[in-house]
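Labels run A, B, C and D following the written order; every chain starts at residue 1.
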């Protein structure tokens, strides 16, 4: 029943999320989660028109009820016994580079509620579907992939709001990799170390040329590669950066 | 005006918090923060009787208003311009070793609200006092010390709730060390890697003898050592474990 | 002149080295380096018979002269201006799990001479060819890949001999990634965290089944994946382990 | 028989080594090891004149025979059954910040032979004396301390020669901490992250003032602190840097 397996992408926007959704849509029906329909409507239409299948659901990852409700919608759409081949957590929030004492409490909350709590809620919502994917003998081991950042491994001055959430998310991914790997679910974490080439960043770093930014499609290829690793060869973590990036 | 400098300890209980409070009380008036007065009343009395000065304040570190109110109380007690020589964050919560899908949402929230948000709120509340300590030329550089755990650097299976909060706290401490070190405040993080010898754990690991557990007074000595390092020689992180601990 | 680009594999044996050589031989002529001809003769024959091209050269990676001589042989075979699309360092030595005071000096030397010095000599010998590969506009960025182990990131009791060499090799790979990435060479390090399924280990871990061991062909696929990443999306490090591995 | 316990310092020069020797000489007779007598003669004289006891021995840590011979000299001087309270490895070599392909083979060898092999030989030579120190019930747990650097944890571009040796040394220290901690020997590693204030560096970083450099006496105090930690509270690793250091 491979046809029942779906892919779920949280944090769909103009960059990584959309590229990942397109990539996985070539093989699976995809569910696009974002707070605002604006962020998934065009993409869902594009995927559906080009022969794939996509549905968008408004959901706030920092609200466990919202995610539970999204799963109900998924089950209505794809059947009560639906399994997932992939669940990708690409949401983040709370980035503000400022002196610590000037960062409003809300910014910290946003980072921690989206990255830490959001990652947890998303995992609790999707892991049952991924385990169903294992039962249903998905061709590739079901994958739960988290998008990290430089700030997932390095906590620079004035970056506490973003880094606290991202470190927590990385901790989550490591614990889940250890718990769910033996159950057949492949949990991974990608450290995106650089600027992603999206419309919003197009004007950035002009002096370094087009190769100074990460390709969102390239990231999607790498996520797909993680997904296709066999159970004998699981990777928990990859880092990704432009060749010219200083690190 | 060294006499105006105080030490603030959050998360006072029967173990590390109490030992740290006693140690710093030998030099500074200490402020004891805990949610329940039970946790600081006896200790405050003990310190006051033995020639030191201690006041206890009920405060919930996961609630920024509660911490702001505690600072108001501190200023009423020690003067509007009071500086701090040390602020020690020893609170934690949300420890539950269980399959991830069986951990209630509340446990995750507790860990993240106390360790991640609590650490942030405590730092935003105390750093202004520590910076005053710098201005007032404290004998030793004012110190902001965070108590970490094995789970601050390793996120084991079934430990996601505790680890997410603790990794976030470590990220916070690293960012603050980089931002406030140049301003004269010494920010440190201690990885407590083992069982602490307190009444509650006395019966644990009997087969390994008394040396298999960390001494809370020993931890307090190490925090004091961190505090006395000069500005030319700051340590951000130490790990601490019994010699016999397997790691 | 893509036809001039070659792949060089050091440390060809029955496991990872052979699988990597076969994988890259599908696209490039491969040079097989091993101390003993026994280790490459059969493999070279197999590749040559199946339509690829392979030559074997006896070389000791811990001896810089031996590697320089190997490069001379390569140039005689493939032309003075030959470029490389990939150079893979898969050699290691000096594994002896024993109390530190009982490990003979020679074992430490073997580990350090092969893993640390060998990695350096191999890199100094092959990087000029990889940079030629960049000039010659190889389809995929030329790759320099190092095989690491659990002992590359964790130095357990009684594992000092192996770990010292492996940590040094990882340091080498990180420095080279930073220096040569901007020059177009993709330097990577793979942490192989588990037992590889080769004839010698076939009898190991029988209780865990065939999925408890890493597939050498799987590792080769992952090295190929690293090689095909575009310059916008370089990965320095991956970890690889069986899903059931405890870590 | 505390009087029989000695301290051994390898890599005595004008900076950390001398400060450490002076600090430990306040409690123990000290043995000063350096390749050139110039490096220890003045210091030995200074210590002996000021009421301590010091002997200097010419030794090359990268040569195991030289270290074995030094131990013979120590036994002749202090008795066959002499125990050690501390052994501090402060030697290093092979620092050359240059493009990798321009670094001569000898520089790599120097780094690796001194830092990696030297650390191993020094440990094999001194651990039997430290274990004797445990038997002889030294007041503080016998300590084996290694001096590391920024390059022990970060391997920057053009720093491969220094970093390979330093990462290997850190691996050694971690393995030994795990093996010998349970036997009562406290093994530690100090990451010195900054410029040390010694005559040779006095002119460096003038713009940052005297506090921009690490105090060698401060490092010595920290090593002494590590030595005095009880068996219940061992620290494996500390980092040390000036408050103003960017990291």
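Operating definition for what follows: a contact is a pair of C-beta atoms (placed from the backbone, for glycine too) under 8 Å apart; a residue touches a chain by one contact, two chains touch by 3 or more.
Keep in mind it's a predicted model, so treat the numbers as computed, not measured.
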Copies chain A and chain B touch via same or different residues, half shared test: same
Chain whose Cα centroid lies at the greatest distance from that of chain B: C
Centre distance in Å when chain A and chain C are each reduced to the mean of their C-alpha atoms: 32
Approximate Å spacing (C-alpha centroids) for the pair chain A, chain D: 46
Contacts with 2+ other chains: residues of chain A: 178
Overall pattern in which the protein chains touch one another (line/ring/star/complete/other): ring
Inter-chain touch pairs (all): A-B, A-C, B-D, C-D
Parts of chain D lying in touch with chain C, wherever the complex brings them together: 64, 99-101, 105, 108-109, 112, 116-117, 120-121, 123-124, 127-128, 151, 154-160, 163-172, 174-176, 178-180
Chain C contact footprint on chain A (complex, rising order): 141, 178, 181-182, 184, 186, 197, 210-211, 213-215, 218-219, 221-222, 225, 229-247
